[in-house]
Amino acid sequence: MDNHLITAVRQNHPITFTVANTVTSGKVADALSAIGASPIMSTAPEEAADLVAAAHAVTLNIGTPTAELCKELTAVAAAANRLHKPLVLDPVACGATAFRQQINHDLLTSHQFTVIRGNAGEIASLAGVDWDGHGIDAGSGDGDLVTLAERCASRYQTTVVLSGPVDVITNGQATRHNDRGTERLATNVGSGDILSSIIAALLGQGADPVTAGWLGCRLVTTAGKNATKGTNGLGSWQEHFLDELTMITDEDLA
Amino acid sequence: MDNHLITAVRQNHPITFTVANTVTSGKVADALSAIGASPIMSTAPEEAADLVAAAHAVTLNIGTPTAELCKELTAVAAAANRLHKPLVLDPVACGATAFRQQINHDLLTSHQFTVIRGNAGEIASLAGVDWDGHGIDAGSGDGDLVTLAERCASRYQTTVVLSGPVDVITNGQATRHNDRGTERLATNVGSGDILSSIIAALLGQGADPVTAGWLGCRLVTTAGKNATKGTNGLGSWQEHFLDELTMITDEDLA
Amino acid sequence: MDNHLITAVRQNHPITFTVANTVTSGKVADALSAIGASPIMSTAPEEAADLVAAAHAVTLNIGTPTAELCKELTAVAAAANRLHKPLVLDPVACGATAFRQQINHDLLTSHQFTVIRGNAGEIASLAGVDWDGHGIDAGSGDGDLVTLAERCASRYQTTVVLSGPVDVITNGQATRHNDRGTERLATNVGSGDILSSIIAALLGQGADPVTAGWLGCRLVTTAGKNATKGTNGLGSWQEHFLDELTMITDEDLA
């Protein structure tokens, strides 16, 4: 399966429901559409169960949390668990504020997530590890990234995708790496959000969590690296990146 | 008039108020700006009457509905009817959830819409017709699209723009077709939202509903088809599409 | 300092917190990221104090106001004043509705702003001056722009950046001008929002208000003018604009 997942996504258009943040929702929808997935977005708890039922996988992105949104996050997570739909958490900047810490803590203690995708600072915050980052960017700690990811995976009985210059994907037993990251991908607003929802699309296509995590990283970083060719600017990079996501094949990721 | 509407929009900049969804609001604003219209967006009922009064036409896009937004939808629709401003409904994915069905039903039974713009699945849901689609994408039913559009137009005494590979525009008596659609336009997130608000801009410029619906379809599909030249990717297509919307003339659409 | 501010922003990545509107938040985040700043966005009063404490500067953008958002605006403004962080106001279309007028009035009478950035119609509305514009676009009054900006600066004891074909930056005593504006920048949705948050980033890097205002205008208009080369369309202009923001240097702005 590992060898044909992108082809399968482009054929089957798995419905990928993202509770998105208000800054990057358009980029996430475009990226999902570019790889062939079918994006849906909503923040209304009234339709959470209907949309989860229709979806093949779900992502909770906590990039612009509000008290009102917490009802939606809870409703969607509960429905995903009840209906056995893959569930991805993107705990954006979760260490930056007490409010975000509490929301992520509440979600993780009440619901089972298939994958958590975050940078080192975010994964450290969830794992309860003191880390050198200031909680908003990826941070620059010297700790062992694999140990960090494993500790978070173990704590929440999940698969962790710790993204950065080298991505670490682990379920506590199996661990994979991906080292195709580029500087532009790191500074582009929304790269992580896109990665999280693409991992959900791959889960929705039937990939196991470690495979979905690794292939998602591989897909996004390969597209991101190819997109830097012939450009120095953010605008043309973003255009190329979306073009690359449209055209990339399983063979390109092997 | 039919022959000079784009020129008129570029000269007069009709103020086009969209109650937008949170995923495509930026794209809709850019598309309106590219054709020369002047976009405004808001979700606050407190300023609904002021903005409707200032606007030449109004679109209600129900792509990311919430209980809170319902107050806004009602306030804007009521003001548009009271002030005799053209009013367009985009019932995004209205068949996908009971929540969306109820919101659209409430709007359509309490207010008069000038145009409803949706894909086959959405128009079927509003018309109460059993349709083959799953309610989120355009669906793939084999029913007669013209009959479907006419039934919806008749039910709500309005003009229906049913967009798809072939667009059908009908007020129940007069019916027009447009067949310039492209695959890329169909999968691009926000194409329908853009079309709905462009139809509003044309209504705001004084076009009758069938003309506005047909010319809006013609404009968006011509730009969408031209934009595919020399590109295989979503990123460059989106850039070209916006360029085409900027430069297209009445002559290109004849 | 005036000569090295862009270099400094690209080295230090000042954290720039924007309470953004829902239409242009993505564009503002991209523009901040392109010049090297580190954007954060949030609308939750629960985390206002934490984010202001982490930020080097703050912008309140009132482009899509709601009753709920007012709590956030008040919480962020109060925290910025208490923690002595630079605070920028972007009073989008403040003259267009009574609701926006009230929100901006309440903010300006209760909190101290470092910079107010608006077009002529918006600054006139805040200054209580009868102006020829209709309150949504920049308007076309014949009044003296410097007098208008000075009156607003004096009324609120702040620095005003009045942007338009010629930008006027004044604190009531010192006044500077910038005349690199282009038509495309004026019609592009979000140009003003981008400028406001870039001025905040420059304040966060330690620039004084008049310098930050002037350099922000210089930066945005130079990038905007350079971006028009070789393009007639909005899509390619937006891509070039973001590329220019990525590559522009202090020398380009001298």
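Read from first to last, the chains carry the letters A, B and C; within each, the first residue is number 1.
Just so it is clear, a contact is a pair of C-beta atoms (placed from the backbone, for glycine too) under 8 Å apart; a residue touches a chain by one contact, two chains touch by 3 or more.
Since we're looking at a predicted model, the values are computed, not measured.
The pairing of chain A with chain B is characterised as different-residue: of all residue numbers used at this interface, under half are used by both copies. Fitting chain B to chain C on CA positions gives a rotation angle of 120°, reported to the nearest 5. Separation between the centroids of chain A and chain B, computed from CA atoms only, is 32 Å. For chain B, residues touching at least two other chains, in rising order: 22, 26, 68, 238-239. By the touch rule above, chain B contacts chain A in their complex via residues 22-24, 26-27, 63-68, 93, 96-100, 134-137, 187-190, 231-236, 238-239. The part of chain B that touches chain C in the complex is made up of residues 13, 15, 20, 22, 25-26, 29-30, 33-34, 38-44, 46-47, 50-51, 54, 68, 238-247.
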